[in-house]
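So, here's a batch of structures to check.
Presented sequentially are two complexes of subunit A, the first with subunit B as partner and the second with subunit C.
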Partner chain A sequence: MAFRYEVRLSGSGGQGLILVGKVLAEAAAIYDGLNATQSQSYGPEARGGASRSEVIISDGDIDYPKAENIDILLALTQEACDKYIVDLKEGGVLLIDSQMVTKIPEGNFQVVAIPIIQSAVERLGKFLVSNIIALGIITKLSGIVSEDSVKHAIRSRVPKGTEEINITAFYTGIELAQKWLDQNGPLNT
Partner chain B sequence: MIQTIDFSTIDLFGRVSALGNHHNKYLYNIEKNFDALVSLIDEKHLFDQFRLLRFSSQPAREMRLITEFIKDRETRMEMLGCYYSLQFLLMNIKALDVLRMNLSTPTDRYDNFQRFLVRTGYDFRLLSGAYMSVLLDVFLPEDTRPDFVVCCVGTRVDQDDIDLGVIDRGIKDRSTITKAFGLLNHEMLKNASTLHFHLSEHVGKSGYSASINEYHQLLDNEIQDFVILSEMLNAVPILGRRDLFRQFKAEILNRYYYQPAQDNRYHEGCLRGLLGEIRDLIMKEASENILIPKRDALRMLKATVVAVKTWKGIDRNTTLEVLDVLLKTDLAHREDYLRIHRALTFFETFRFLYQLFVVQEEEVYLEDEHISDNLQKVALAMGYEDKRYAPAYTQLLIHYQDLQETARRGAERLVRQVDKHLSNITIFNSITKITDEPPNNQGKQINIAKEFIKRSSFFRGTRFWDDVFKLLDREDMILLNRFTGDFMNLPGEQRTALIKTYVRWGRLTPYSLISLITIITRRRPELAESEFIRMFLNEYIYDFEGTHENISRLCHILNFSPRMMTNFLALLNERQLGKLIEIIDRPLWGPDIIMLQNNLLTLLRLYKNSSYYFQRFFQRVFNSYSAYISLLNNEPKFAQIADGLLRNLDNFDTISERIEKLGDYYDFEFLRLGIKIINGGSFEKVDKQFTIFSDNFIQILFELCREEASRELDNDIPKTQDLLAVFAAGGHARSQSFDDDYDLIILLNSDNKKMLSYANRIILKMNRHIIRRSIMTHYRFADRFKNYVTTFSDLKNFFGHPDESAFIDMSQLLGARMIVGSAHFKDAYDKEIVRPFIFDHKAEFISSLKTEISSRWKYHDDLGVIDIKECPGGLRDLENFLFILKANFSITRPISSKLFTQLVTHLPDQQVRIDSLSRHYFFLKHVRDLYHLMISDNDELQKQYLTAIIKPLNKSRDMQLHSAEDLQREIEAAIKQNVDLIHHIFKVIEIG
Partner chain C sequence: METPNPNVKMWQGNVACAEAALAAGCRFFAGYPITPSTEIAEVLSRRLPMVGGNFIQMEDEIAAMGATIGASLGGAKAMTATSGPGFSLKQENIGFAVMAEVPCVIVNVQRGGPSTGLPTHAAQGEVMQSRWGTHGDHPIIVLSPCSVRETYDMTVRAFNLAEKYRTPVILLSDELVGHLTEKVEVPPIEQLGIVNRKKPLVSPDKYLPYELNESDIPAMANFGDGYRYHVTGLAHDETGFPTNNPEKIQVQLERLNRKIDRYRDDIVEIETHYTEDADILVISFGSTARSARRAVINAREKGIKAGLLRLKTIWPFPDREIEEISAPVRKIIVAEMNLGQIAHEVEWATRRSKPVVRVNKINGEPITPNEIFNAIIAQD
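So, the complex of A and B:
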């Protein structure tokens, strides 16, 4: 039976989550030979500063286009966390920025709290690469796409001249996720 | 022999390497499959049927050929993807070459941009439409295909994604269509642009499509989201059943267009949505760090054009097509359309080229280290060239800013026209067009407050109500009185329920709710304290959800309508302000919004931590200079503005204007220094600056009033040189800041009646203007001598035969500081008044003051409150003590730190004690200033409120106070020590 993996990336406008969605979908579809769809927020929610991007990855056909049984939810703001947690499936992974999301909702899911934005600023001197750090964490935690594919996809999506810092940010994310796994044990997937 | 293609002839890879990295996907496809594709074409001897080195004008035909001769589905998909990738790159190279050629000729830049956008949009739709059509033929062959129509709903030229709306005949076909579009979407993601099916995310049930019935179900009873509406109104059928689209247009789309003399509810809703969006965008100030063409201009411009399109019934699809029609037909507003055209073509071209050359993102971060290189590519493509005065990208950025303003102006002017049209057709007219006449007895009068909210439910989600509120804000107040009357006359529970409904409505449109509340309280100030408004505010504040969106909206309202926002905040009590601060003070994303958030928090804290006395000052400043509210966190800029106001006085023609502006200067400085001391600024510096500006104020006011009085007397002006002076007495004489009253002594060294009348006339005028600043003026001796102006003769007569309270008047004179007057006058004053009547009779004066001190010690003992001025050891005692020493040592210097230093030279043995008294004196004055500004202009300190002033005291004086009790102990210790120190000094030195 074909697997279906749903990722929702949520936060605020300007956090680069649409780009992360595109990179993840292209890594899966172009470089890993999987099926993928990507969609993004629209309408008033996008006007008000909230931002949402979704990626569905499968090794079979993706008939149903909407993500409603999320495997991993990234929330970079409290508002996004509160708003989108409802669609996280039982046992799913809630990945939050530990400084922006301080009130963690209750539920039957696994919480991974990492200071993503702070790490971007402290380690790379740029809050703008927080999105790519988050992508690294998701890649490591989910294992749904290969690191190499994501790396290729990043190089094919970011502006010229910023490739190296983005790749460094990606590996920073991988490292942060590994550290979290070392401290907390493997996720139940 | 296999034919080959030599890309070096067109430098394909070289040209593409100059474009953004996202083109790698297409190069990857070409590198992976192109040789195989060429072999297959060659094998079938179809080489002459393909155009592979230039953009093909018939991509659909060529793609169909591929599907015909490649039977294996997987290979077919790969080859089609490869062909698409090649054509896509050729298309973009062609577009850039044509644009460059056109811009090198001396033609209108914006017309060239338009041609570029139209042509590139056309080519992109030709290519992507062909690809989608061929793929759908594979995934959903004609013979099994249910009815559907695919509409393009986004901007034609956009390559980052393709926005589609798919309309079907109902749920029975849904899974077949969705499966096919799922496959299509996957191929598009791999080889082309991602598809987005926004309309079907909102309309209908699971799947990529929705039926006309589902549109009816969603949209018949509520206007819903205007974004859906504007996408629908842009829909152009590109694939499938045209008859289905015609039906969709007739049943769903047409009702959003204006229909004269018919029900225009849908049109009205559409306009309310669009105008709300435009206003929200206009509210957002241009960012310093980020360019976002969509937010900065494009959304605003497109929404404006769609609004006019539905009003004027223009049956065109793209914004540029609609603009073309308007430019030709609506000549009265041609200038506005031209502005919009210039801005639209510029921003659309900029966005397209940025995404082509750099990255498919909406935000352009100017702090990025590579930004100059990237923007330079865009600038060169847009026809800018490096000049000696600025590189191409700098010129581009300057144009960006200019055209943003152009876009805003054009949109604002057209919105006013649409607003007028809206007020003519609105369904609210039947309840808002009322007269003051009593209701006729034939029918029950409707409750306007209830009816408005009932009718507005259809428009849920829209945010433009200015047209209705304009009527509420009319001078005659007929509608406002009826509205508030209808509201307040409702039985308690109904009224509460209605308030809750209004607040729920206002959550989506805070601008409207705040506007409504401030109109009511501005027109009817007596309601500001009413239960009705209190409930409104409580409901709003305690129900306020601190989301990024909600907080941002409030921040933007402050930025856009600072006066309205400050009027609103002035209505909130301390608890409500505290609650709002708690909600808003949370981490938000983005430097721009954080700056606005800080402004709002500063303002909220200012209201929360200020006494009504201080609020009077800043409310006046905010009302006159609301644009400067954004500078509250920028004290140096505030100081610059105050200086500018002062220096600008002479540029006004009339004296009354100058006096008005002088008053503004006073308020501005009062506010600036008030904020500075509340924020923990240096007490000494603030005190010094306060004295400078308040002296400036009195000096200039005196000059202006003298000029005015002189004009009234024509040429008959008495000469008062060296004869007239203004002295500050009381607090102002001692450089006491933030006093709520002004003690002045006006002295005239002449008995000339005419001169006295002239001087009185000047002071009368001054008095009027000072009182307008909410400062009470007291004229020492005015009661006694029945004149504002006191002559030397009056003083000499009085002090020659003093009564028992004369020592108080003497101490006033001894403590006074001359603000207006000459050195000659001061010499005469010291010689004729101070020396003979005070210094030469110091024994009596000192004895009276000492008696006063000890009698007040008895009176104030154990009163239970700390009266920082009058209590034993308080400010009054310290000042009386200083008067005694001044008289004793014949010192005329006003009370200041220098006076303490001077006293030490007379009493070197008492240095430690005098230093302690000096320290306590300035500490108590500091406490009093803060208490006046932050709590109340009262000298009796309420212990429970002392907590508020701890933070600035700790910061400014480097103290470690943790609680009100700590501060109270500190004050009590100071005043107790003062009593002991004064007592001791009196005991050990010989006085009098």
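So, the complex of A and C:
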């Protein structure tokens, strides 16, 4: 039986979550030899509004490309968390920005709260790279793709001239995830 | 980590469409940006100049369709891409391309309608508009892809059919496929079987642009090659000049419609899964067919004899194929993101001989595999 791993990246339009989805899918499909799809759902506005990007990773064919039984849900805003939590599977992982999402919905899932946006500002001086920090955290927590593959996919997808800061952001995310795991113990996956 | 294969791309459906157009020989694109089709224009605006082609952003969709026709008359393989409201605007000029027999490709990445509707959400509401959006009795070819790879293949096929039959061809995609990113192994260009329009073999003074010949498909001269001829949307005779002669009009319009009808077996393509012993048949197309396939596989795992018939060609309608494949089944389910545009045709094709259950959704969200599965297991 083929495995199917579902990731939903949610937040506000303009936070770069579609890019993160494309990078993650490319890492899995091009560099790790798996199948992957990335799709998105957003409103007509260029900035703002709840926005989501979804990645399905499988070693078999992917028919339906939308998430229904999510393994890991990233929520960078309270609105996105409230709106998109419904499809998180039992025992799945809810990864939240600990400062943006203060009211954690009730349910049977594991919560990982990390100050993602604050870390981007304090450690890299740019809130813009919050998305890639989140990608680093997801890569570490999920183990679904290799770090090297994600690193290559970042280089191929981010705008020219921003590769280095994004790679630094990616490793910042991995480090934050490792720190969380050291303090809280391993996740059940 | 594996060493990546340079022919394997992680492409969005719209990017695959643009790249396939280039591979098929498209050297002209005119358009007006509209979500969710804009990436096609974006990619071609960058890529066409690299291969000696031309990209024009026109003042609106009407002009874009006109420019596409003009470029094709000049000898270029030409394309335009749009969505719902823009597709409505193009209709009159699509009729001109049909009447004047100008090969071209029109991509409609469907979004929710009517009107400006849901710009960023998928729908399949233009099944009928793609057939009858322009006025008058006319033939049309419409293809509908369900994946990124198929978007590539069908875009190439759309150009080939347009060139072969001197007709506009519509690629009816949707937001889900157009904005879906997935793995594509790009086929080598020599495997694509590129077709080019038939050029006249006679001298310019003997050339009849709308000649009645055995194939029903007249040869097409490029403007600028010394073949001076008249192009009009008015009813015309073999020379291309308008005529009021009823016999000449009748014979030309019959040929115009017959030239697609008689080759329908070459044009119509379907795909089947598990239909051999099925007693429930799911019919779908475009992105919804992905959910339908999963629903059928899930049903088979539970021992339910469900099968899938996927329409790759929408028009000419695969009525004979549907009639034949559905003959032994007791129930047909048609899943589509509209209120039953294909279902109605399926009822017609099967002469209402068995129940046709509709699974429809028009709120911008895709139909899920479970929604189709529930229709499969529902008691009749």
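Everything that follows uses one rule, which is that the second predicted complex is superposed on the first by the 182 of 189 C-alpha atoms of A that agree within 3 Å, B and C clash if a C-alpha of one lies under 4 Å from a C-alpha of the other, contacts with A are read in each partner's own complex, and residues count from 1 in each chain.
The definition used in the following text is that a residue touches a chain if its C-beta (ideal position, glycine included) is under 8 Å from a C-beta of that chain, and two chains touch if they have at least 3 such contacts.
Note that the structure is predicted; figures quoted are calculated from it, not measured.
Superimposing the complexes on subunit A yields a three-chain arrangement in which subunit B and subunit C clash. Contacts of A:Met100 after superposition: subunit B is touched, whereas subunit C is not reached.
By the document's definition of touching, both partners, subunit B and subunit C, reach A:Lys22. Contacts of A:Thr168 after superposition on the shared chain: neither subunit B nor subunit C is touched. In the superposed model, A:Leu76 lies in contact with subunit B only, and not with subunit C.
By the document's definition of touching, of the two partners only subunit B reaches A:Pro159; subunit C does not. Looking at the superposition, the partner that touches the larger set of subunit A residues, subunit B or subunit C, turns out to be B. In the superposition on chain A, contact is made by A:Ser149 with subunit C only, not with subunit B. Residue contacts after overlaying the shared chain place A:Thr37 against subunit B and subunit C alike. Judged by the touch definition given at the top, the superposed model places A:Gly11 against subunit B, while subunit C stays out of reach. With the shared chain A as the reference for superposition, subunit C clashes with subunit B in the stretch 91-99, and the other listed options (1-9, 37-45, 91-99 or 793-801) are free of clashes.
Counting contacts by the rule stated earlier, residues 22, 25-26, 29-30, 35-40, 42-44, 62-66 of subunit A appear in both its interface with subunit B and its interface with subunit C. Interface residues of subunit B, counted against subunit A in their complex, comprise 20-22, 24-25, 28, 161, 175, 178-179, 181-183, 185-186, 189-190, 194, 196-198, 201-202, 206-208, 225, 227-228, 277, 280, 290, 358-363, 365, 368-370, 373-374, 461, 547-549, 552-553, 586-590, 593. Of all residues in subunit A, only 21-22, 25-26, 29-33, 35-44, 62-66, 68, 146, 148-149, 152 touch subunit C in the complex they form. Remark: subunit A residues 11-16, 18-19, 22, 25-26, 29-30, 35-40, 42-44, 47-50, 61-66, 76-79, 99-100, 128, 155-163 touch subunit B in the complex. The touching residues of subunit C, when paired with subunit A in their complex, are 1-2, 4, 8, 10, 35, 119-121, 176, 179-183, 290-291, 293-294, 297, 366, 368-370.
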